[in-house]
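There are two complexes below, and they share chain A, which is joined by chain B in the first and by chain C in the second.
Moving on, here comes the complex of A and B:
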């Protein structure tokens, strides 16, 4: 199948998903509140700690800018495909993709894109309010190169996370319930990608490992590009890893998926 | 049992399977908490032979019914033929392709419809799913429009194309599923229980539609169904699978002839008649078996070669007000076939 055919199918799926997603308005309101609430609370807690004299390796500007952007970047680099895809494998629902000239991953990618489009629009006013509220301590770089790297980093991170989702979901070809694996991965990722707190706040002894581990490049590094004071050397090394991890993740996901298809039993058909 | 099917001599097969085999591995789990705990530390894996070295050839334009009891291997066979499953061993070519490789050119020439699985998006109108099919199969606007108009007319669903799929009835949805599957004019259609859950009217519509596309487009159809009316209406060739092996492959009429099931006679008496021993007194008791009665109406199963004797004797038992003679249902014939097989084994 050619690239243009694939893109046409994804475009059509985006339209279908977009149409379907707009039906569930209440879900979006809940999503907006939950996405913005956690970083907002974290921000208030850490600012209170600083105000009470806590000694942190980052200042108030870093923390504020980090948490204000966290909701948006976290949403853009997230993927929710794993549990749905695993369920589709378990129940035999991927059959409809396997015997048609398309791919279930077109569907996953389209769903990811369409929901992110809608959620970005829905989230924007909440981010703007948060921004306005803490506008005195939000500091952003003026260098356009940083913003270009920021956007590229978000795309690469989103690809990595999606590929990791497919990788995890592929285990459902052999394991009935991957809920536990997803939970463990989510917990690990929440800490190691900088979702719960900036990685700069983790113990100094762990920083060598933290800097190169893959989860950093699924969220934190994107934020660090615009929030932190990364040196040119840090940026080059980070960007290199940011580009390597999605390639590795896609190759691993593809290999496991192909192997899984051989074990697929198309249950329920 | 193997019967020759005449149509096979005239063309190259579109499906050719040799020694096609599929085994499943599964974890055996006993019931109860203790077994569950034991399973945490030690698992017993078992292998189940679902399809056992079957050979099959299907030629262009045939409608072939795959029949058999639950767990016989017919759906697994259909899944391998369509490319959903990798065979464990054996050779399989469909339209010159190896189905499990799922070559795009192969996928463009087939369709699979599963009665228990929806291929449509439920939250949007069916037309949105059809437009996706158009992009997947690379149909031009003209091809798409022609196909939509033709199929919508044949299935009488023109008024449903812009209705959210979740708001359609089961019968309407199945018609839309068939329409989606056939928009790209596939060479072969695999149907797994396409009429399951449908009412009589919807079933009849689906059957006549399938006959029509087979007749007008020359589409080859492979169908599994537990509804013997589907098989009788559609298939001139049936393949009966049991325990993963082909028990019979041939013309449906030949199967009926071979099994030679008794004729069914339905008799309605003017007055209730309960003395069945009179059948024996007339000398026909050993040739006629009463399968059901409510006093006034008897259902009899009668040997074909003694049918005239029984029909002649019946009026002597009482006053008849109605009499009907029919052949056995296909499902009875198949049941008979399996019963004979068990008797031979034992």
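Moving on, here comes the complex of A and C:
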């Protein structure tokens, strides 16, 4: 199948998914309330620490801008496919995709894209309100290059997260329930990708490892581009790693998926 | 729980429903023994959550010794009390919340309303997750570790105040949660409500004094997670006040009465499965 054929199928699937997802628009709004709550709580807590004279390695502007943008970037780089894909493998539902001239991943990608379109619209007002409350300490760069890198970084991060999701789901070819693995990955990622707090606040002894570990490039680095004071050298190194990790993640997911397909026996087969 | 041939007085009704709840508990324990792996998984997951929830607190206090009068030990103790409150909610309330919209949507509420039991009692307390009991124990352990490092002196009065406040907090949060979920009588599904409530509850991991006044008031009276975490720890470290306990008890009674009225109002809009 050619690239243009694949893209055409994905485009059609996006339209179908988008139409279906619109039925649950109120649910999306509620989920977005949930998305913005955790960063808002963290922001208030860390600002309270600053107000009490805590000597943090970052200033109020950094913290505020980071947490205001966190919900948006976190949503754009997220993926929720692993549990659904694992269930499809376990129940034999991927059989219908195997015999089609497409891939189950087209469906997953289309679902990811269409839901993110709706979530972006649902999330925007909440981000705007948070922004308005803290507008005095939200500082964004004026350099257009940073914004180009920011967008590129989000796309690369989203690909990495999606590929890691497929990688985890592929374990369902051999393991009945991947829920525990998924959960453990989620907890670890929450710390290492900067979901709970900016990576700059982690202890100094961990910084060397934190700077190069892959989870940083699934969320934190995108934010650091617009929030942080990254030097040109940091930006070049970071962007290089940001582009390498999705390639590695996709290759690993592809290899495991293909091995899994060889081991796959559908229910009843 | 109104007066009926089965229950001449409120006390009779209360005792009958208590007996019924004990049956639910026994049944849930028996059911849980059939899913031992799930039982262990719930415990491990809760333990991991507890450990990970303490990481931001430890990092926060690596940059300062005191935030608005709260030391590191106090906030760790707060994490423990929060865990106890959450475990109590997940033990007896959370398993029922998602089912309420299912009862309404699929018409199963028909079978509940015709039973000789309070409908509100049944939809709120029918299902129990016994594995959460262990999370109460780990929450207690964390509370003790925090108090040992904290600034206050423990006394019997403070412990009593804290226990009453935790119960009030659980009642208040349960009432608010159930009231929100009852919007299922008007909307098709209230599935994401549990996610939103869980995220709002996260605010209780930190003292209310960390937040601006408007948010403090919200978490004290609208979605009163403060009664489930901050106020009990205040009591434990010697900053307690019997007036707060009295307010907590009054609000809890008021919340239950309002919830009961809300339930009776909401079921008027229930059109059953086949009508």
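The rule we apply is simple: the second predicted complex is superposed on the first by the 266 of 269 C-alpha atoms of A that agree within 3 Å, B and C clash if a C-alpha of one lies under 4 Å from a C-alpha of the other, contacts with A are read in each partner's own complex, and residues count from 1 in each chain.
The criterion applied here is as follows: contacts are C-beta pairs under 8 Å (C-beta built on N, C-alpha and C of every residue); 3 or more make two chains touch, one makes a residue touch a chain.
Note that this is a predicted model, so its numbers are computed, not measured.
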{"item": "First (chain B), second (chain C), both or neither touched by A:30", "value": "second"}
{"item": "Chain B versus chain C as contact partner of A:20, first or second or both or neither", "value": "first"}
{"item": "Partner chain in contact with A:53 - chain B first, chain C second, else both or neither", "value": "second"}
{"item": "First, second, both or neither for A:252, with chain B first and chain C second", "value": "neither"}
{"item": "Touching partner for A:100 - first (chain B), second (chain C), both, neither", "value": "first"}
{"item": "Touching partner for A:118 - first (chain B), second (chain C), both, neither", "value": "neither"}
{"item": "Chain B versus chain C as contact partner of A:175, first or second or both or neither", "value": "neither"}
{"item": "On chain A, positions contacted by chain B and by chain C", "value": "none"}
{"item": "Touching residues on chain B, where the partner in the complex is chain A", "value": "24, 75, 79, 82-86, 102, 104, 107-108, 110-112, 114, 116-119, 121, 123-124, 128-129, 131-132, 135-138, 192"}
{"item": "Residue ranges of chain C touching chain A (in the complex, touch as defined)", "value": "41, 45, 48-49, 52, 55-56, 59-60, 62-64, 66-68, 187, 189, 191-193, 195-196, 198-200, 202-203, 206, 209-212, 215"}
{"item": "List of chain A residues in touch with chain B within their complex", "value": "1, 5, 8-9, 11-13, 15-16, 19-20, 23, 92-93, 95-96, 98-102, 261-262, 264-266, 268-269"}
{"item": "Contact set on chain A toward chain C in their complex", "value": "26-27, 30-31, 33-34, 37-38, 41-42, 44-46, 48-49, 52-56, 179-180, 183-184, 187, 190-191, 196-197, 201-203"}
